[in-house]
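Okay, so subunit A shows up in both of these, paired with subunit B first and subunit C after.
Entry: the complex of A and B
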């Protein structure tokens, strides 16, 4: 093969990732931005999608429901990520200890995370049913409640319930990542600490935490970005109800796009959510940059 | 010579293939029920019969996911790629689909309907029921195909007899409340073992809306007065005191006799009625097929099942006759169809007595001439329809913004029925959202 031809093939292969990025990220993104500035209502009866400037953003801004949804999304993200990070850390520390059956427990840990969202949603819907659910049967047997609690239908507890379901499903991923980080800490450090008479808490704050913090922080940012656009689990468990108590922005984007076909409004909401994610991503990159 | 013969045969073959292709008119039909094996088989039979009458027309029924059908129909119309013939729904906004395309997505059928008589003597003008349900701006944009009626009260004769209750009591709101309380049973711990009555509550299921609307209408409320236009924000009555009253009643009967406040699908309640765990409930004509096959014990459908009309409103010293909900699945022809005449011949054939008789498995035929047969082979269903048709029938407003309205209505009903909000709070919020939706469209 001629040297020039080979170089040409090599160059093309190097360009492929860029092409993929352009095709599957840049073009849809630009399209979404354009749509967010257009009157893109598929049911309007018009095939023209006129440029409407910031009208869609203004509509979103003025929607009382949007701010309620944004607040719910904020609470959902905050508590969900807090739960996942805390539980993930605790479980990782426990699984890093030496005991029999550790291997089996580590394998079992993956199950909730590996389960499809639809299965988790169905399981919890049955588990928490006020009439036939195991949870209520237990609570009633222990006489902790006078009658079955409609966990998913009470506006005041539906959000904490879906947060707990989300934490249950996703904390194993955090735990596994942190476990991997814990196993990379040189044993000598702990041995030296033992020689110096360090107590368990001192060992945790002086060795474990600093040595795993960067992984924990990356997980934190990834979880924040992932949770802020949560959709499937909440949609399947509560559908955003009752009384819109669990209506996340992600659910409204779905409704605007695929139920009402108002793609302009949906794109504007999507772009706003993306900007929020970008801020988080920016914090992450700043941290990485400083570290280097 | 061999070469000449080879070319001659090739040309002949091409000519035959091309000729066959040109001679055939291809039509596609899209219906949401094609993943129901019985109804899909009915459609295939109808297609075979039709093609015998019209050998040059080839009809293909598209198999679509029934749950995605309605959204896909919107998108297909928006992309000008819908089937030649599509099933629509009078209870879910034909206009919103029609107006998705400038100038209308569906063909006006009046000129085709006029004077059209099928070989079995069916006159489309005279023998098809509910033709006025598919008229928009003075034009018929779809031909009613099958019709549903909701809702009568279904109960077991034996249960009422054993409790010494006169079934007539089920004919009023206050009577139903009284009967529901009397038939509710609980164990020693107070946990209900038999529910006097149950009503769907979930926002995810359109049936919650279907089974709730007659309560609002009968109480004197609804979405717009009589659900008639003009559909302007100032005419909304969604937060009217009549609607509040209807919900207060539903909450009281649910609290006194129903399952606890958790979300309930209609399909959660139906099995409870079939096993006898729910004493009475509201039912639509299409519910009859599952009651017929699954009601326990065997034979109870014919010997024990009975109907009472939807109850008359009798609270606060007032009396209001029941208002039923009626909807159907008419067939429409795409305005983009290249073969409208043939497409109409096909939907006309779908109204022949034979096809209509077979469709009785799902709902009530719209061909008057098929009704006697339907009533003879399905006497219970016939009884159900006869009872329902005595009363005023209403459908939800057919507005282009129906999809968004439906979202608000479902969330509102769910919030009230599970007790997340008071009827007033939820209806006020819902009405405010509806005003915004109508105003946004105006802009």
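Entry: the complex of A and C
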């Protein structure tokens, strides 16, 4: 057998299973696009799904509700990512310093990461309950608040609360990644800076920051796309309430599809959300391959 | 003067450390403390951080009680087998593909890489709607294989992406030596590459396992009957319209969480290595 055909067969053996499974992502994606252009209402009972062009997109686009949800999703994503990146950076810098007991902190970081999302949701729902929650009992005992705070059932605090829960769940991952990047910086650079009499802040901005920027940037993109697709935590803690104050686009897609069975509308909203991820994925891709 | 500054700096460091440790630890301690008490000490305006009476009654109730066809043992094994199989399958296929991706060249490689990356970052709900509609058409709803397969297809892109990063760092010298000794490429992969990748593999098996272990999104849509409930859905059944059995929810949560946290502690380093590998250029 010729050598090139042989290598071709070998490559196929390795790649084909993966390619097949990736197709199982691609096929539903195509189906989602088709659905977003059709009158796909499972409750209407008709089996035929007429092509309606951009009707679903127009319906979504003209709904004031959609834009409100988009704004909430935007706020949620920005603050959540900000919190994760900032806390991640602080904890990573803390763990990179020399002191006893940092091994314990490093180990503790796996707790939020490993805890199943649904468990986190139930735990915080109970912990923060306005009547029975231990959090309020503590605040009251310390006389920090006059009466129990309805963390989850008051419209103006529910969003910050779910953001904080998401930050708690996900910042350890950022911290561990940034820590690994910090530890990759050659010690000689700092030694040389010490010889030159550099101040700590100078060292941070002249060595630490430029040396870890690429990991930091990639984490930023990954956290943005990851936060846009967060669903479980918010849905299980607030269900989008109170008064739709935490109704992220993802939550509405879920309700539109699986409570009201308007799959066409839901797909249109889904495709819009996906375009956002697609743009971010593209930025990441360009960054990753910029020097090749 | 310098010494004083050092002491202040050191104590600031430890205060920060203490705060961080508390923030991380308190929810887990709270979970354990909730699971070890009666509902009467949970649903009370005077809920304490630690209960007055420690009891294992919630755990006994979890094993005793069943709602219709749903019970803890059944759900536990449902979750266990679908996630074990999906973890093994998605990790194996991703390892195979990631290895092939690095060692061989083929047409459309860059597009393929982009799609792998994109399919791990796209919102899963966008995948779920057509998946649900396709599976409804095939009369495959309320079927645990359908749930398992959904976990496989959401795990595979991430795993493949991580393995591509991992194999990029590995030199092929040992593989070449084995090939000269007459070993086939697939043989080399199974006898040399896989055993060497064992730390990465075990970390990724765990990482894939927990995707479905804590999943609510896919299972809530794809499963309807009691005997097919997974653990996250079983938790939901304890949340009735008028009464929420918090003690049982917390007991099942402990059973779901503690083994995973312990495994994570052992595999943390491997997991971090694997993930940073994929971020290197």
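As a convention for this text, the second predicted complex is superposed on the first by the 268 of 292 C-alpha atoms of A that agree within 3 Å, B and C clash if a C-alpha of one lies under 4 Å from a C-alpha of the other, contacts with A are read in each partner's own complex, and residues count from 1 in each chain.
FYI, contacts are C-beta pairs under 8 Å (C-beta built on N, C-alpha and C of every residue); 3 or more make two chains touch, one makes a residue touch a chain.
Remember, predicted model here, so these are calculated numbers, not experimental data.
Of the two partner chains placed by superposition, only subunit C is touched by A:18; subunit B is not. Once the two complexes are laid over each other on the shared chain, residue contacts for A:54 go to neither subunit B nor subunit C. Of the two partner chains placed around the shared chain by superposition, neither subunit B nor subunit C is touched by A:192. Comparing subunit B with subunit C, the partner in contact with more residues of subunit A is C.
In the superposed model, A:240 makes contact with subunit B only, not with subunit C. Legend: residue contacts after superposition of the two complexes on their common chain; A:35 is shown touching subunit C, with no touch to subunit B.
By the touch criterion defined above, A:131 reaches both subunit B and subunit C. Of the two partner chains placed around the shared chain by superposition, subunit B is the only one that A:155 touches, whereas subunit C remains out of contact. By the touch criterion stated above, A:71 is placed in contact with neither subunit B nor subunit C.
Of the two partner chains placed by the overlay, subunit B and subunit C both lie in contact with A:258. For the contact definition in use here, the residues of subunit A common to its subunit B contact set and its subunit C contact set are 131, 258.
Residues of subunit B that touch subunit A in their complex: 71, 74-75, 78, 96, 99-102, 189-191, 201-204, 259-263, 400, 403-404, 407, 411, 414-415, 418-421, 426, 433, 436, 440. Partner subunit C is touched in their complex by these residues of subunit A: 7, 10-11, 13-15, 17-19, 21-22, 24-29, 31-32, 35, 40, 90-91, 94, 97, 99, 101-102, 104-120, 122-124, 126-127, 131-134, 137-138, 168, 172, 176-177, 180-181, 214-215, 218-219, 222, 225-226, 228-229, 231-232, 235-236, 250, 253-254, 257-258, 263, 266-267, 270-271, 273-274, 277-278, 280-282, 284-285, 288-289, 291. Those residues of subunit A whose C-beta lies close enough to touch subunit B in the complex are 42-43, 45-47, 59, 63, 65, 129-131, 140, 147-148, 150, 152-155, 239-245, 255, 258-261.
Across the interface of their complex, subunit A is touched by residues 10, 13-14, 16-17, 20-21, 23-25, 27-28, 30-31, 34, 42-49, 90, 93-94, 96-101, 103-106, 110, 112-119, 121-134, 149, 152-153, 156-157, 160, 185-186, 189, 210, 213-217, 220-221, 232, 235, 246, 249-250, 253, 256-257, 260-261, 263-265, 268, 272-273, 275-276, 279, 281 of subunit C.
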